[in-house]
Structure formats: structure tokens, C-alpha cells
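Same chain, two partners: chain A is paired with chain B first, then with chain C.
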Partner chain A sequence: MSFMQKPRVIHSKLPKNELGLTTRDYEGSMSTLCAGCGHDSITAALIQAFWELNIEPYKVAKMSGIGCSSKTPAYFLEEAHGINAVHGRMPSIATGANAADRNLYYLGVSGDGDSLSIGFGQFAHALRRNINMLYIIENNGVYGLTKGQFSASADVGSKAKKGEVNQQPPIDPVIAALTLGGSFVARSFSGDKGQLVPLIKAGIMHNGFALLDVLSPCVTFNDHEDSTKSYAHTRQFYHPAVHADFVPQKKPIRAAYENGEAMPVELHDGSTVVLRKVSKDYNPTNRAHAYSYLHEHQKRGEIVTGLLYIDEDQREMHDISNTVSEALRDLPYAELCPGSAALEEIQNLYR
Partner chain B sequence: MKPTDISDPDYFHRVVDCQWACPAHTDVPQYIRLIAQGRFADAYMLNRESNVFPGILGRVCDRPCEPACRRGRVDEKPVAICRLKRVAADLKGDITQRLPPIPGQKNGKRIACIGAGCASLTVANDLLPLGYEVVMFEKQHEPGGLMRTNIPAFRLPAEVLGEEIRLITDMGVDLRLNAPIASMKSLLAQGFDAVFVGSGAPRGKNLEIPGRYDDAAHVHIGIDWLESVAFGHINAIGRQVLIIGAGNTAMDCCRSSLRLGAADVKVMARKPLTLLKASDWEMEEALEESVEIIQCHAPREFVIENGRIRGMNFERLEYHEEDGKLQSRKLGEKFFPADDIILAIGQENAFPWIERDIGLEFDQWDVPLVDKKTMQSTRPGVFFGGDAAFGPENIIWAVEHGHQAAISIHKYCHGEDVGVRPPFAVNLTSTKMGIHEWSYSNSFDTSVRRLVPHVSLKERFKKISIEVELGFTAEQTQVEVERCLNCDIQTVFFAPKCIECDACIDVCPTACLTITHNGEEDDLRARLKAPADNRKQPLFVSESLKQTGRVMVKDEDQCVHCGLCAERCPTAAWDMQKSSVKIPYASDELAGTAQPPQRRRA
Partner chain C sequence: MNTRSNDFVIKIANVNGTGSASANGLLMKAIFRMGIPVVGKNFFPSNIQGLPTWFEIRVSREGYLARSGRVDIMVAMNAQTYARDLADVSPGGYLLYDSTWPRDKQLTRDDVTLIGIPLAQMVNEQFENIRARILMKNVCYLGALAALLDLDMRVLEELLKETFADKQKLVAGNLKAIELGYQYAKQHCDCPLPLRLEPMNATAGHIMVDGNTLAALGCVYAGATVGAWYPITPSTSLMDAFKEFCERYRVDPETGKQRYCIVQAEDELAAIGMVLGAGWNGARAFTPTSGPGLSLMNEFIGFAYYAEIPAVIFDVQRVGPSTGMPTRTQQADLLFAAYASHGDTRHVLLFPADPAECFHMAVAAFDLAERLQTPVMVLSDLDIGMNDWMVPKLSWDEDYVPDRGKVYSQEQLRDMRVFHRYTDSDGDGIAYRSLPGVHPGGAYFTRGSGHNRRGAYTEDADEYQDVLDRLRHKHDTAKALVPAPVVHSKKGVKTGIVSIGSCDAAVREALDILAREGTEVNYLRVRGFPFNREVEEFVERHEHLFVVEQNRDAQLKALLLLETNVERRKLTSILHYGGMPMDSRCIVSGISEALAKGAAA
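Now for the complex of A and B:
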């Protein structure tokens, strides 16, 4: 880690967004992660995405659990809300926060340990409830904070730094999300911001639970030759299937899309994700197809990335529960707490 | 673009904007670091190596380094480089022991220097330690040239001037005062091995308009008048004074007038304020002393009544741009009263004493033909420097001319080709001390530029010799040195080590870095993370990177040299390395039999 703070000086011509802010206004404190950590790149991609979306930092709630990944919310959007939860319990706390104030942008930052081991149950239920949030798994295949043991996402045959070979099959969060009914399932790589930033933007604007699994090499414990989650390995077996361009609602979509190579999907707020398919035969709106495509390429050792599945029509938690549109703190007290007479009435319904 | 060749000494030299802009290539960041460490004598000696007169230049340099300073691009105001130089000079103590030794055994070569100004003194400074005998002819009764005659004592005290000149004359200059040269031919007949002309640009321009000679006693030529003031021949002037012209000489004239009894001084400029030649700080100081600068007025005639000057008539002008050129239009006339009028409209070099049949050619404007690199005239063995060479410039240019002429004289006297110039070189040394520790102060200090304190307006007019600027206090110095961005601590990139993790790009506070596919310069500049439209600043382009074949591109423009790219690099592909530019001097030349003495470096 660096001992000094990032200097407050900025490039004199750094562009400003519609709010008059530069990307520097979306930063947090200096990262204490290892130099070269993929997580820092994801942090930079998040900064870029929120800046490009012109979202005021205070309208965001950052949720995280425990682990290297879960430290990162300290490094971006200084002015945002945030809860650093107990290990693996971030999904339920995010659910509660979202229930109380549905008008914030929810961002969960978790890791392969936090989501696929200790918090796997929590993760699954947040997914199936379709909570309106972007859920990022910063996936490096090891427990970095405890010196690099294999995590649940380590591939069979991948070697640890000291040479042990992993023999247990991995949990693939993308396949898990597809089978658990996820409405937005994507994978990307910390070393490819060109793909990652639009996916983050689409995930933030998606109405429902957006899972974004980001391969994020651990430079200290998992970036050696026999690792399947290193920078070099990921780049070698990188297979982008669908590229997503995020188009904000004000901008008309100009290009004409032919032969089904590009497919516009309108999001809830009127903005659009244009899916450019690298593989012609890929269909990102067909769950079964996505599932088999992933399996097939996984067998060849390829890492399929992009916006792999999207269903914008799936109802999110508030729609299903029929809750009020305001945040609970904005409701008048009398409405929020209608008194013992009203309670009596409700209880009578069950007698 | 092709990968940048960082072994070219110019590449990293250019990144050190101040040093690159300085005609004498003063190693500014290094001397500022020495000042920061309280090593004033070391800082002074480092300065002296390139600019010879740190005490003088620390007060009156034209400071081309400051507009070039990178700090000015990221933070409005550049580092107060000139003022810091003065700190080193004021606090250096006795440095005479650190001057190069003068050999008792001479090398048998005698050099004549004409004029004892900054150019000639630099030649003597460079050649005496090599065993040369230097005979210096000066028409005045004191050495110093225009530094003494044209810069008023309230900007440059006589003691400072005297001390730095003595450091050189004490090396053994055969100084002949009150010895004007009347004929180049007869000087050449005296058998010198080489002649250096450093006689300055001593002729002030005149203004031939009606009434010029009707009361000549009250119309003065600026530089002549300043000289008379400097030597005490003039010690009074009328109450109302008009200065014609608005360059730095005009600023010295108006401020000197105030000290000789004038109460109402106006500087009359032909051009609008934004286009005046005077340095900003000299104008600011004149304005602080309530001098009025009147723009867009062109002198038309002197107004004389009963043989006594009453004032001057001016044409009022208005400027507009036409086809990219500035055009003026007359609006009418205006009279300004005056008791004395000083003409400060420029000066030129003049050589009535050089015969035109000695193989020394002059161009159509009667200016000698001098080679810009070697400083040699068309007559081998005769060299020029300072204002005498190419017309009025400034002290720091004269010093550089002196260095180059000394190299040429050294080569010439040993039968070598003066056209073959010694090369520049650059040396790189890592500043890494620990994982995140560097041997320089790498964090960015947000302090704004310090203002140098002045003697109060009440005090300063009491005597012309009261120096107005007081120099930085210790506290101010401490802050100002930290404003330096250490541009000589270079970001050196080693492409084969890069794993393209983006860590450097993400952490760079000024968005200088981009990894992208290669292209032509225009195309690349358009694709960088922050706008790269300052084309005066180079792009660094790496070799292709191992994993994706893309390239690392760095726009040098606004890098603050904080070292975070190197701190956050997991593979040490970036390193912060101190670049030292090796500037050649006469003493580095192995010409003839002269043994190069040990040059001491701070």
C-alpha cells in the first residue's frame, strides 16, 4: 500500500459530466490493497461508470461483506452511503436497506469467498427475490486476506502459489445465477474496462438483481503460471460473446442493426442496452441457450464474457410485494405507523 | 508511433521544462532540492556551474524557466524559481575554496575579451582554470557592463554585482579599465590567440520627431541616462516625467525617476497593455510605485515653449486585427505635460571600431555575421557573445554565449574544428529507497506561490540604493521549495515487465497514462484518458506490451512526478529515476594538452 494519499491535483482539462463533476469527485480514499490488484481496476471502472451516468454519489448505497473485495467501497464514491456487513451477510442487509429506501442506487461488492462460500445461501436468495441492485463478485479464486487458500471458484487443476492442485469442482456464479432465476447475468474481466464499464452502467440501470462476475486477478497469490485466474491466462482464454453498449435515455439510437448481430434491449427507465453479439449464434434472451453455450465453451477452457442473459420484464422485489414507491423515511409518521387501532384491524383479519 | 527512444539525452531533458527553457540549462529541480535541505552553498555552486551569476540572476534574470514551469500548467502559478536562486546566493557563505583551482603553469594562450560584461566574464570563468591568460578591455572605470550601468541599484545592489564579478576577476583576469578599444585591427595586431567581443548593445535608439533637439538637455536616451544615474553623474530629474516606450528599460527609467525626485511619472506605450514588452513582474513593481502606464499612444512631437520643454503630443491609437495582423487607427491627438522625457524605445549593438576590411563580415543591417552554435565570426579566431552577437537579449543568454564561445576558443586554440560540438548526455539513477519510499519529496504540496516581501513604499524612495525586494523568509522558502514538481525524477517504463493490470492508470492523479493500441500521433492523442492537446509536450510511447500487444502511452504534459505509478506497479515496470543532464563545458573538452581539472558537482 502507498503511504501517501492520492494528490488532490487534477489534470487541468479533465472532462466534467452533466453535474459539473470530474471522475476525481467520484473517488474515495487511497486503496490499501496490493499494488496491481484487479479489484483496484474494478474500483476505477465503477468510478468511471457512475461518473458517466451522472449519478450524484449521495444517491448510491454501497454494500459489502468481508474480504479484499469488500474493502473496496472505501475507495470510491466517498459521499455515498454504505454498510460493511458481517462476512457473507451483505445480501440480507442490502435487502433490508432496499426495502426501507428503494430510491437509492444499490451496489453490492462481494468476493468469491464472501458470496460463494460463507454467503452462498444469502446470495442465492437475494438473486431469486430479484432485489434491485448491481451485485459485483470480484472473483480471483483465492482467499487473499488469509494468504491465498483456494476459494470455491477455483478451477479443477489450478495450482496454488506453493504448488498444491485444486481438486474440487468450482462454483460458477454465472451458471448459478442462471439456474436461480437471475434477470441480468454478466461476466467481465478487470483488465478490460472497455467491456466492464458499459456492463456496470447497464447493471446499475437494470430493474432487478444484476449479477456481474468480474475476474479480478490476485497479483500476490494467484497470478502465477499455473493459475487459471491470472492476467495472462484470462487474456489467453478470453471469449467475449456479447458486447453491451449502454445508451442513456436522452440519446437516440442511430445505428441500424442488421442480421440480428446487434439487439437493443430497453431498460425500465427508458435507457437502452445494445447487445453486439460477437458469436452470431448466441441468444442472450434465452436462458436455456445461454446455459448450454456456457457449458460448451467451459469444456474448452474458454472464459465466456459479456452480458450473457437479460430479462427486463422480470418483476423486482418491490413490484412483487406491492410496496409504496417512496422511501419509508419520506412517509408521514401517521402513515408509517398508523397506530394501535390499525394494528388491531390487521390482526383481526387473521383471527 | 515508434517506441520513444529514452536514451536520446533530449527526451528527458525536455521533460524538465525549466532546465530545457533556460538558455544555460540550469539544473533547477536539483538546486531547489539542495535549498530544501538547507545546502545553500551546494545549491549556489550547482547554479554557478551553468549560469555563473546566481546572485545577480536570482534578482534580475528574465527567467524563461518560469513560464515554462510545469507547475504553471497544473496550478496556475509556476514555482518562484528565480527567487529561490536568490535564497541560495544570499545564504551561501564563503565559497571561494570551492572554485576551480587556477593552474600556476599557464598554457601559453592569450585571449582578449572586449567589454567586461556577463558574456566576457563567463568566457574568463571557463578559460582561466584551463591555464589561459585572459586580457579584458573595459571602457568604463568599473567592470560589469550593462549589469552595472543599466540595472538600477534598487533592483541589483552593487555589492552583489561586485562580489560575483570579483569571483571571476580574482581568478587572474588581466583587467584593463578605462581602456576602450578604438580599432579591431590594431588589437588583432597584438598577437592574441583569440579575441572575444562582448561589448554589448550600448546604443540606445533615438526618436527623430519635431522638437527633438530644441531642449536636448531635458530629453534623455534611456540606457545612457541609466548609466549616468548608476555612476552618480545625474542625481535629479524634473517633477513630471514621460517615459517613451514600455520595455524593461522603460520600467527601470520610470522607477529610477521616482527616486530622483519625480512625482508624476507616466510610461507611454504605443501598443495595448497586453502586448507590452516589459516582463509582467517589472510592470507590476512599477504600478505598485504608482507609475501610470498609458497604452495606445504614439509620440508625434516634442512641445517646446521659450526654449524649454513643456511636454509632448501623442497620437491616440486604436487597434484591431486584420488578416491576423495588428492594425492601428488614429483617433486624435493628446498633449501630456512633462519636465523631462526619457526615450526607452530599444537599443542596438554598434561597431564603429571594427574595420570593415579585416575579413569580418557584416550583414545588411550592419550586424556582424556570427555562427549561432560556435559564436565564431567570419574571421576565424574572433568570437562574439552577449548582446554584441545578435542584438539585445538578456543576461542568461549572454552567459550561454560565453560558455559556447569558451568551448570554441579552447578548440580553436588547439587547432580543432570548432564546428564539432561536445555532446550532451543524460544519466539515470533510481530513486527507490524502499517499497514505497523515494529519495525525493514525492507528495504533491497544494500550497500557492509565495509572494516575496518588499520594502515599504514609505522607505524605499529614500535612497536609490535601497533594494526593494527583500527575498524570501525561511518559512516562505520552506513552502516554495515543496511546490517544485521534481520533473527531473523521471517515470521510466520497462515494457517487458508490464502485466497490463491498469494499476498505474487508475492511480495517476492527472490522468497521464493510457494503455491502448498504437497509432499515429494525432490519432493517439485523441484517444488518451485526458485531453492531450498541448503539442509542445511529448508523448512517451512504449514498445508493444507482452500480453495484448497494446502500448503504454504517457502524455508528459501534466505529470506531477508523484511516483504513484511506480508505487502501485506490482512488477516494477515503472521506476522513478533521477535524470541528470550532462552539459558540456570548455573544461570537459580534451582539446590539446590541457588536462581537464576535476569539476566539482554539488
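Now for the complex of A and C:
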């Protein structure tokens, strides 16, 4: 994808994680997106998050569909397998890959066109099945590669670069995920790395489908005045409702969080997300509450962000179907083939 | 009239949703257990309850498994279709009807013997429950037929006991209903009829089963672990069967956990996507579908071809175009499957002719898909998939080892300087792949966009063509790997038949008929695409070829013209595409007429 090789410079002073790796080991090839694109900030946050989580890059499977957002898996975790599916169909690829091996980390990167228009069905069903993966929507309200058409997440009244005003109501992936039974629903902004990195980490470690909608302005087609997906608009109406800190398994939860507004939620692997409510009246474990809060603030034009809903007890696909804990793809053939005696037995039914 | 044992056709006309299928199945199986070759075809509507349905049982001493085109005994249980059913009976045949209600005097035929049995009346007197009355009426005609045809009652009783092993109550009720019909026929009719059953020993070593069941069994034996599907007639029973087999043979005895994962997808687009995700990640994965589902899968099939991801697709063909006739059979997806998806694509296809081949080809399909790293489609059809066929018993080679194809191991990747995903290092067009999560050295980006032999994105003409040409070379490699055709050939015979799939039974019967008439014809049945050398040789050495297939547009003929050097003038089509399974008559008449014309000219 890149026209020039990215120089590989290792600074000796770069900090190393528990695996002895620096963030450079989590990078990929050079981005070919426009300078200032929100997606590149998300890529940087992903690199940071995987590095902080001490995950070996090759234990991650990166999946995407088609569009600017879907190009980005080439720009991080070079040592991980990636797959660029057809448009809007990454969720089914992720479902199948996860079915074959439940023990890798699955990361899906999609966009608002890929997930909310052509792929809305697959997005909804992967979420409904609670596939164990982090699913990021890099949301900019516009089709970039085809040069500026509105996407399904464009707000009513938002103006396109060429002047057209969107008349159709937007599909909000966060509201959709809440109503479809999502077990982890979050929203963030590519310009807020402090909020984004812990949300990515919590989403990766969540046992189930973690939806992370990230507002990610398109500098070329949707960053002008009167656009509701611009950097300026997002910053002005940005409303963090709940702040999440990710605490790895081994570290004790800091005492300060135990008071006041802090709410620790233990993840499946023993690590913890500590939620600090920015709004006093917010409850991220109550689906109905999250929904009405969002609705209320949306009416005021506010963009509510944070880990908005989490239910760590909801069973993911393999838990529901009671699959063995090993990867199905690695099961020895002897455990899969019933053998000739069984064939004899089966055929008695057909006599 | 002379007696005609073990060579006749019983057709049962009924209303769907009345439980007639189980009564008809019992009848067929009882005949099979008497050692007599038998075949059943179910003609059912795309409906839950209330529409006409027919079941045709051919008893054939010679072991012919196609339809014969005759109806010797009609069991007319459906007032709605009575006139048509009466008209369908071959001269000299019989019609059994429910004489509980008065029948229009006009509905008779001089050349058909009518047998009235008061089925409803007898059953209503003996059974209280409304549903039981409906069901038992069907079991009651089974009893009457048993008397009329001299069916072995012990066999029937034994079968009933096995069928309802865990529902003993049902056995008693069924036996009572059978007895009612049997005794009435014995007392009021001249039993047995000249058409009758005589025990034989011609079904030993055989089983009676449908193709979807055996295709599913093949998936289990092949070691498939991921199945994704969207329900569609006539393929649904394939996944149902897979699930049943897995529940029995694929559960960890200690933990009770499943060694398989079945996902009912939201549509066929997702079903194939899941199969590709699993295949990309190293599991053997499959999806059963039919024409409309395959249409939806097109984009992904092209992706899998270009990105080189193994997948197994079962297309249980039904009548198209569009929704068509979902419960009727056809072979009209051939061309579409061979070149499915946009761009230069070509696929590997397997063509089973009966349920036993569904089993073996299911196993072969997974080996081929992983060896060739491409989607493999098994093109069965409704007739094979949903009807019970008599086929030789299956055996399993305990030494079988799945061919997982060219996959680099962790050790190989570790010791490798650099891994390039799409480089042909063996010269057969097949590159080595790596699986996710195995070793950092194996990482690459799988994409449907232009890529070069190293796996990197490209828009360069030479790099693009390089990969596309290798894919063509790989497809040529497949010619020697797909199952060879079945050839019946005598030296010096210059006329041949080329056919495919479920036409086989009708073709083989036609060959016998033609031989009796003094016409020798050779026969080749293709079993795989791309066509291998034997197909090329067969079409080369015959002067006149009849291409027998079940579609309007002569799709097999078109494939032969496209993919072999055969001259167009050599090929004559014999086409059958109304949705009913083929019988030998159209083949015999087609060939006889053409040859007579040729002789006259």
C-alpha cells in the first residue's frame, strides 16, 4: 500500500513492555491516508494499547472491510495476519475466524459506510452473537474513497463540502448496539488519545463483542464549517459521560478509585476496568439508563462518549454453543473422525 | 393377466402435512428389506400443509433407480387431484381409493381396475383422536397394499417396532391401522394382485438413504469443524444431519463440550463469509445452499478465488431462475458455478450422481479445497439430496489422512528468511500459505485488491498478470486432482453419451434399452471440473456425442465447447428440465430418432 518503505529506526531509549518490545514493534507500513486524518490517530492509539497490554502482535488477527478505515490494519501490528474482506462483510469473516480459533485476539476495523450501510446487517448480527472481538467504527459521516457522499451516520442538517444538506436521520451505532443487546458499547474521539487508549484496551480484554464508535474527522471531505463530524464541531459538543481506566490483571486497583464515583468492573481474564463517572447520574451497567441518557443528550446536540455500557456476564458465541476450549482448527483428526466402526453403526439406520 | 413380480410402480397421491411421508417411507423400506431393489421419489409442494403431494415407488427387479414413466398402482388419497391421478395410471393398472364417500360415476376408466377401501370409515371407528384419524388413514392404505402386493407382514411389523422404538404406544396404533387395511383387502379383493412382490436377495450390502445425509456424514469424516448456513430448500437437511452426527460423535466425553461450531447465519452472504474466515484461519469449513444462496455468495466466491482461501460449498440444485420451483430438481447452476463472480474466475466443481458419491465427494472436496486453496463446490441436486436412494454400503479407510495442503508450520516459518504468500515455489501454481497466530514470520495481508507474488498491494500490470496467470496454472493443476469420469466404453463404438450427476440412473437404463434394440452407445459421466484428460479423450474419439443433462440451455454442452477441443457438430443435446427427475424415455427416443435421421440422410 505504501509507495515508500517506512524507515525502521529503533531508538535505544524507547521504553519496553513486559515482552521487551517497544511501540515500534507494534507499527505497520506507512499510512497512505490524508495528512491529519482522524484514522491515523486511531492507528496510533491501537499501537499504544496493544503495546501496553503486552500482547504479542502475531497473536492478533486484524480484519477489515472496504474504505479508508479498512486500509488502516496495514499500518499497525506488522507481525499480525490481516484480512481485508469485501465491502461490509468483515463481521462474517471475523465470526468464521473466531469459530475456527477462539484463542486469538480479534480486531475489526470498519467505517460508517462499511458498517452502517452496506454492512449493517452483518454488523448487527455479529454484535447479537456476541463474537469475542473489538469492533472499531472509524466514523466520519462521509464516503472518502468515492469523494464525499454522505454516509448513514451523517446528521440531519449537516452540510457536504459541495453544499448539499443531509435530510435523512443518522444511524447511531451506539444506540443501535444498545438496542441490539451489545455487551460493551463505547464511543470516543480520535482527538482524545487519553480516553481512546483505555477504551481500546478494555474492548480487547472484554469477553464478547466490544463496539467502539470513534468519531474520526475526514480532513478532506468533512471537516468544514456546517459539518457535524468536523474536528471543531466534535470538540465543541464533546461530552464524556464516563471515563474508563484499564487495570491489568496483576495490578491492584488504586485506592483513590474506590471512593466517590469510581466503579470497578472485573473483566473475564481478571483485569479490571475502572469507570469514573464524569456525569454524576450516569450508570454504565444499566442498558435502559444508558439509552435514555444518550437520547436526552443527543437532543441537545451533545456527543456522549466513554464506556457507555458494559455487561461482562453476557455469554459470547463459543460460550453459548459450548465449544471446546482449544482452537477447533488445532484439534487432532483422530478426535474428529468417528471411524469405520461408527460408520457401520450409522448405516444400520439405513437398512 | 400374467403376474408381474418385482417390476412395477406405485404412486401415492396425498395432501401434504398429513404424515403420508412416513407411511410411504415404511412401504419402501419394507420392500427393500424383502431384498427387492426399490427407489422412491417424493414430489412435494413448497408448502407446509394442504397442497397436493405425490410419492412414487419403483420396484425394479433389475435394480433400475430412475423413474420409469409408468404408474401401475395409484393410491388416490387426494380428492383434489383424483381426476388427474386416474388419468396418470398406465393401461392395465390399478387405482386404490377411499370408498368411504360416494364417488362420481364418471371418474372411471375401462382399462384401470378400481379398488375401493373404506379407509376413513374404518379408521374413524377405531381411533378417537382427530390427528390420529388423519395419520392412520395413511397407515391403513399401507395395510391394504401389503395384502394386495403380498408384502411380508413380519418385515413391516419389525420395521414399525424399530421406527417407533421409543414410542411403544405408536406401534400398537400403527399395527391396528395396518391390520384394518390388510384384513379388508384380504376379504374383499382378489389378493395378491398379478403385480406382486417376491422376496429376492438383491439389496444385501446396500443402504437406503438420501444424499444430504451422506454429504453431511462426509463432512464429519473429513474433519470439518465449522459449518455456517442459511436455511434454504433443498439443502437444509444437510446441516440438520451434520448437527445430529456431531451431537453424537463430536462431543468431548469428559467435558461435554463440542468439537464443532455451527452458525446459522443471517443470510448466505454471511454464511460464505464465515466459511472463508474459518478457512483462512485453518479450519475445515463448509456451507450448504441452493441456487439463490449461491447467487448471493458470488462476490465472496471471487474474493476466495483471488485471495486463495479454501472453502467447501454444497449447492443442492433446485429449479431456477429466481425462486423458481424450490421443491423440484434441476442441473441449471453448472455454468454459473463454474465461473461464479466477476472478473476472470474459474472454480473447481464436483458432480455426485447419488448419495454414496455425496459422501465420498464431500471428503474429496475438503482435500481439494485445502490442496488448491480455493472454493470447491459440490453440485448435487434435489433428487439426490432429498430422495432416498439404494446405494452400496459405505466403507471407511482407517488410513485416510486429510490433505491439509501447503501450510508452513511454526518451525518452517521460524527458519525461513522471508515468507512470500503468493510465490509458486513448486511450479504447480499452488503457493504456500501460513495461518494466523502461528509465527510472526508468517504474517501477511490477505486482500481482494490487486496483489503481487509477495502478497503486497499492487496496481502494476506485470505484477497483477503474474498472479492471475499463476491462478490459471493452478486451475490446470486441478484437472488431474478432481475425480476421474466414469466411463463405460466398448472399442469401435463411435456414438457416445456424456452426462452428469443424477442423470446417471436414467442414462444407464437407456443404455440397456438401446442395447436390446441393437444400438451400442458408449457413456462417460463427468465427475469433476475442470475436465480432466479422459474427458478430452472421450469427446475426441467419438464421432457423435449426446450430451444428456437437466437444464434448458445445454450448460454441460457449453462447458465442453468452452473447455475441450470438441467440435460443435459432434454434439447433440438431450435436455430435460421440467423439474421432475429424469427417466430413460427421453434419452432412448432422442438417440433413436437422431440415429434414424442420420441413417436416412
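Quick notes
As a convention for this text, the second predicted complex is superposed on the first by the 322 of 351 C-alpha atoms of A that agree within 3 Å, B and C clash if a C-alpha of one lies under 4 Å from a C-alpha of the other, contacts with A are read in each partner's own complex, and residues count from 1 in each chain.
Here is the rule we go by: a residue touches a chain if its C-beta (ideal position, glycine included) is under 8 Å from a C-beta of that chain, and two chains touch if they have at least 3 such contacts.
Just so you know, these numbers come straight off a predicted model, no measurement behind them.
When both complexes are overlaid on chain A, the residue A:127 reaches neither chain B nor chain C. Between chain B and chain C, more residues of chain A are touched by C.
When both complexes are overlaid on chain A, the residue A:321 reaches chain C alone and has no touch with chain B.
By the touch criterion stated above, A:210 is placed in contact with neither chain B nor chain C. Touch criterion met: A:340 reaches chain C, while chain B stays clear of it. In the superposition on chain A, A:12 contacts chain B only, with no contact to chain C. Contacts of A:38 after superposition on the shared chain: chain B is touched, whereas chain C is not.
Comparing the two interfaces of chain A, the one with chain B and the one with chain C have residues 1 in common.
On chain B, the positions that touch chain A within their shared complex are 73-75, 436, 442-444, 446, 499-503, 505-507, 509-512, 530-531, 533, 547-548, 558, 560, 562, 564, 567-571. The residues of chain C lying in touch with chain A in their complex are 32-33, 207-209, 217, 220-221, 223, 225-226, 228, 245, 249-250, 252, 255-263, 265-267, 269-283, 285, 299-300, 303, 307, 393-398, 400-402, 434-440, 442-449, 456-457.
Residue ranges of chain A in contact with chain C, taken from their complex: 1, 56-59, 61, 63, 73-74, 78-86, 89, 91-101, 103-104, 121-122, 124-125, 129, 317-318, 321-325, 328-331, 333, 335-340, 342-343, 346-347, 350-351. Residues 1-15, 23-24, 31, 34-38, 40-41, 43-44, 190-191, 193, 217, 219, 223, 231-232, 235 of chain A are the ones that touch chain B when the two sit in their complex.
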